[in-house]
Amino acid sequence: MAILLEGRKVSRNFGGLAALLNVNFQVRSGEIVGLIGPNGAGKTTLFRCITGVHPPTFGRILFKGEDISKLMPHHICVMGITNTHQVVKPFPEMTVLDNVRVGAFFGKGWVRGEVKDATQEALRVLEFTGLTSKANFLARNLTLPDRKRLEVARALATRPELLLLDEVVAGLNPTEVDRMIRLIQQLRESGITIFMVEHVMRAVLSVSDRLIVLNFGEKIAEGPPDEVARNPQVIEAYLGKNYASGKSHYA
Amino acid sequence: MSRSWKLWVGGPVLAFLVLIPFLELQGGYLQTLGFLTFLYITMSTAWNILGGYAGQTSFGHATFYGLGAYTTCILTLRGIPALLTIPVAGMIASLYGLLWGYPCLRLRGQYFAIATIGVGEATRLLMLNLDDLIKNNSLLKGFLQKGVLTGGATGLMLPTPPDIQAYATAFYYGVMGLMFFALFVSWRVKNGKFGLGLFAINMDMDAAETVGVNTTRYKILALMLSAFLVGISGSIYAQYVFYIDPQTVFGFPMSIAMVLMPIIGGIGTLIGPVLGAVFYIVVQDRILTANLNLGLIKLSLSSLHLLVYGGLLVLIILFEPKGLLGVHHRFNIWWNKRKRRSLAATEKA
Amino acid sequence: MIKLNKFFPSIFLFVLLSMIIPETGFAQGPKEIILGAALPLTGGQSREGGYVNKAYAMAIKEINEAGGIMVKEYGKRIPIKLIIYDDKSDNTTSVQLYEKLVTEDKVNVLMGGYGTPLITAHTIVAEKYRVPYVNGGGATGAIYQRGMKYIFCIISSIEKLSFTLMDWIAIQQNAGKVKRPLKIALVGENTSHGKEFRQGVLEKSKAAPDRFSVVMDEPFELNMKDADPLLQKVKAANADVFLADARLADYTTIHRRYTEMGLYHLIVSYGPRGPEKAARDALGPASDYIVSCNWWNKDIPTPATKAFADKYQKTYNEQAEWFAATAYEAFRVMVKAIEDAGTLDKPKIRDALAKMDMRNSLVVGGRVWFEPNGQINNDHLIMQNMPGGKVALIHPKDVATAEAIIPIPKKR
Amino acid sequence: MLDVKNIHVSYGDAQALWDVSLAVSRDEIITLVGSNGSGKSTTLKAISGLVPLSSGEIRFEKTRIDRLHAYRIVEMGIAHVPEGRRLWPGLSVRENLELGAYIRTARNVKKETMEWVFKLFPRLEERISQLAGTLSGGEQQMLAIGRGLLSKPKLLILDEPSLGLAPLLVDEVLETIQKINRQGVTILLIEQNVTRALSLSTRCYVLELGRIVLSGTGQDLLADERVKAAYLGL
Amino acid sequence: MIVSAILLAGLYATMSYGLALIYGVMKIVNLAHAGVMMWAAYVAFILIVHLGANPFLVPILIAPVFFVFGVLLQRYVVQRVMGAPPISSLLLLFGVWLIMQNISYLVFSGDTKAVTTKYTLMTFQISGISISINRLVVFIVGVLALVVLRQFLGHTYMGKAIRATAQDKEASKLAGINTERVMETAFGIGTALASLAGSLMALIFAFDPDFGRSHLLKGFCIVVLGGLESMIGVALGALVLALAEALSVLWLMPALQDFVSFALLVIVLIVMPGGMKELVDRLIRP
């Protein structure tokens, strides 16, 4: 599979503190890659580097071989990378349909100014994400699971090749988590590459092809989920040293 | 149902507006009132494109109004037909919008608002002193005609045509057309891609950016469009009153009026700014000319106009962010409830 | 989309509201001559607007007590009624209100407001509907140089004001009181008023380079906060005479700072400002010896002036300022024009105004007549503040009450 | 001492806690564990009055506190050291500590408390006039705990005190917490480092998706595979 | 000229402290500041001219009254929009300002008023420069206000609580600080400072109900120059603005003096939103 997104020694400083340090990563077309790590490990920062909100201080990010590390977020979006936000950011006073239409109008799948086309595209995405019945609700009146869906729908309407999902299942109950996982799998089937930050391990393990683990802004592990889960460094980062050694004891 | 209603109500209203100059109602005063109302609706609608749709509160829109008015006067006095100057006025206002909008629109929320106050006042002072500045500069001297470009504080006077009344009637229709044009633009913006982008910026700038909205460009375009319409309004105002001076057309009260009208009417909507402008003119007309007798104290209501606007602003911000439109909605809900209740009551009986 | 039927109740309510309020306004009575004016009763010019309002009220009362205006056409005296609106000192509003006066209220004639920008804006309306318009508060000459036919003003131009002032200084030179040539520091507020004042002074000094040389000429922003930069320039100019044109607030601000900085000139004038009570209270002895050039003063030794000043004092318990006097006189001029015309026909009243020659007037020279452009062209009155809050009239000769004290004595 | 009964909490329409109940007795160290977004921080915020309950009740020493302003809860004797430390970076170490003793009862004994805190964290005394924002991560955490202690709390709530600290410092901080507990302060703690947390606490609650799924003594839970599942999903 | 600019800076600083304080704690741009200055000028006028109060005592007399006014304004009006986007508080306070102006028009009419006292025109000489007593007093008050304010913010519990709330509201709540009380106090102090400036300005300038608008803009300019929150920064900003205005006369018409401050406001906002502090930081750190 071709490399879709590649980061080379991506670093990001905030006021002298390194939030990311020399992170190398690759995302291939058609993959679902999970990004995990304890709180403050730099996962969201990495996403922000990719989407151009906080461009990397050093290092380069390549999308289909093109350097995108200096581009504005809207430009990156039009190139085919979209993200959802950890704290959902719907446009609260707009209807669900309009929220998605913004994505349809402005994203990569740019519909040339035709309201009708954009609306159709938006409706198609709503159908796909199961929000059709709520198309005319104001976004602020949605429940959290629906807002998360809307976040995905809006991103999807931009017709991304690469979708960055930042904790889309956080705060959902188990049934809702399952529904979201199914949606993510459907997305992959429709040909979209997915790079996701997730804390709910059940979700991330069940869908990811590969995991990348960050700790203190550095990459500490990478590989298939089960392999990563056995990685002592990862266990230490999550459970502490004693647990890692204790595990063998209990086992 | 709704379409026929629109025809039944909208048709006669439109016919009435068109016929006003012939009806000589209130001795023709209604025509003046109509002219001003249309002009203010245009400006209110124009401000709303930037302030309402895109959410960028500007206290500096008088700069466009003034610039439009001055462009027309300066060009007309140099022999260019007045009608031709109208689009030029709009474009110059628009370019000025680009000039200060580009840096200022990078500021967010209240910083932008404050910067626009500064821009507005600075522009007024500059226009007030422009002639003297040019006089002292050998390079620019050529722009002066008999030592006058902007006329400084004296302002500029236009020659009056022989038949002012017919001229005024023509302008009545002209500005009515302008208003419909502005409303059409506003409607197109609101229901098109452009408006969707502006709304997205208004709701959440970062989220808009990540779904591909070029926020800087859209904000500037909104400002320029808004400035264009306000510039034309200024141009028409100048041609209607034949006299402009910087304190009036560049004055802070003008900017305030443009902020107040859409907020009173219902910010970010199509009809809100119209309601606000009509309200503004009617209140101004009625309040400035009425007296209130409270037994011993005779109060001239005119001394209360700031209180009315200020009070409304406070009440709207505190209780009804959607302005008159919001009040109308509540009223409607209440009305329907009452109707339903009375219906239920009759059924019971 | 908008559904109009939903709007119906609200629209209904709104229309109802907008129809109720006018009932509290003025109802037209029959058999009245209606005059109309919009005055700046609030906003930047409300102080002056207030004086005009009081003067008009006094004039109406006087005339109605005498039974109204004798109109020959109807063979009887008809009472008058004045409709006054507040224009918030705002041009656009003012125009709107004058339109309203002419069209809705159907006034017979229009009276002026106060302030050059406002009056400039009014004149269009008066001219448009061909309604005679007389004012006593918009002196700027430019207003009357536009070939308008229905506009009249009973105060002579600001340019004339500076001419009078300069002529008077020339007289002082002739008398050997001050040297020639004199170096002049000239400042004026950045309004048409100030501009015209400065132009007048410049013109006069250009015409007589052996007498005057203007070494500094600067406009300043209205309602200035800090007079320092301006006065630093004045100080640096090292002039003999300080001529300024300012409104009350700026006059106070500038002259305070002037005194604090210890500046001195042989002659100091703030154009029409000087003897106002508010300023003298604010400045105390620092306002002594300031020369002012103005349209009217209560001490003009003519019976008409005395009668007006006394009556005003009695009615409002305050001293009459020139704003009130000229407004009062403008009103009387209009009344006389209606009487002369003997009809309420507007063009005829206009013709009567154009032919006006009113004697025993309050104005300097005692006579009101109009130049073809509609503005009076009489002399101004020059006054000087004297110690102890007194004011001396020093020019022209026929009304002078005292000799000018020139040059200004140096303090300490 | 602290009794949380069946609380539900929502942010807007999004429910974050479902029917959470827990109890803290005097002199205990209680730990909340669970993955991110499981509602641990929200539980603590609900206790200290930063987020309102939609139902349920919280009692502290028999008094209901779930309707009180945050500052009133501090006055009752609960100090909350928030996640990410949340110092006032532009204030000096001394000022940060002094403001910790803002409530009236604490002000009177400020001097003694301060000495006690300095004994616990000698490093803070060295840095007394430095701005809080210039301290290192570990020092900032010490200051945050110290600030909490200056209100003379009966119950100290700590939200991830080891977040972002190097392993050596984590040990040091956790040891100090135990020391504080031994000196008579009850502790309610969120700790990511599960093993350490469990081994030092008397009892634990495991949260998952806004619900309590497990509770027991530290030793019991340490042996429970479900704890590991909560973290790694295995 | 430099001396008079420095004296003026004292006044500029006094009128900006309150703005900076309220902005710092609540992130609110207080447009009603101008209204308060204007009201204070009128109250000072009444006290001095009609009741014969000592002009230099008046500011001390009226500050507490306006403190209470500020507290009430915050508690019953501004508090309601604390959670809303900042632009609504800006518009709200703009409305309050309009109302205050209108009340002044009703009570005092639009007349320009000026306060005259026996000190008004007194000057004394220092090495050839004459200095007005009034201005010197105003300057001293400006400096004193800075000292007192710093003492208050640095050494009292309430002062520190105000600073703490400005930096982190939630953490302050957790430390047992009643942040609503703190915000009321801060708004009250900000209002009292505005009234202090207003009553001092009444001694120097003539005023009317529209008084304060351009001062307000200058205040913004100063606060932004000063880096938005620090009081020392405000004092420095005031100095910079006063000097810039004074020096601009060398190459600009005096009529454009205000233009300098408005243009400076816009430029500073755009170029260095962190104020002079940021600029200095940038210069020091390569």
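Per-chain residue numbering starts at 1, and chain names A, B, C, D and E are given in the order in which the chains are listed.
Simple rule for what comes next: a residue touches a chain if its C-beta (ideal position, glycine included) is under 8 Å from a C-beta of that chain, and two chains touch if they have at least 3 such contacts.
Keep in mind that this is a model prediction, so the values were computed, not measured.
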| item | value |
| --- | --- |
| Chain whose Cα centroid lies at the greatest distance from that of chain A | C |
| Chain pair with the most C-beta contacts | B-C |
| Averaged-CA centre spacing for the pair chain E and chain A, given as whole angstrom | 48 |
| For chain B paired with chain C, centre-to-centre distance based on mean C-alpha positions, whole Å | 33 |
| Rounded Å distance between chain C and chain E, as computed from the means of their C-alpha atoms | 37 |
| Whole-Å separation of chain centres (CA-atom averages), chain C against chain D | 75 |
| Per-residue overlap in chain D, given as positions that touch at least 2 other chains | none |
| Multi-partner residues of chain E (each touching 2 or more other chains) | 105, 214, 253, 255-256, 258 |
| Those chain pairs that satisfy the touch definition | A-B, A-D, B-C, B-E, C-E, D-E |
| Chain C-touching residues of chain E, taken from the complex the two chains share | 1, 4-5, 8, 105, 109-116, 120-121, 123, 130, 132, 135, 204-208, 210, 214-215, 245-246, 248-249, 253-258 |
| Residue numbers on chain E that touch chain B, as the complex places them | 29, 77, 80-81, 85-88, 90-92, 94-103, 105-106, 213-214, 217, 220-221, 253, 255-256, 258-259, 262-263, 265-266, 269-270, 273 |
| Contact footprint of chain D on chain E as seen in their complex | 157, 160-161, 163-164, 167-168, 170-180 |
| Of all residues in chain D, those that touch chain A in their complex | 13-16, 18, 35-37, 160, 163-164, 167, 192-196, 199, 209-210, 222-223, 228, 231-234 |
| Residues of chain B defined as touching chain E within the complex | 55, 57, 100, 103-104, 106-107, 109-111, 113-115, 117-119, 121-122, 125-126, 128-129, 132-133, 252, 259, 263, 303-307, 309-314, 317-318, 321 |
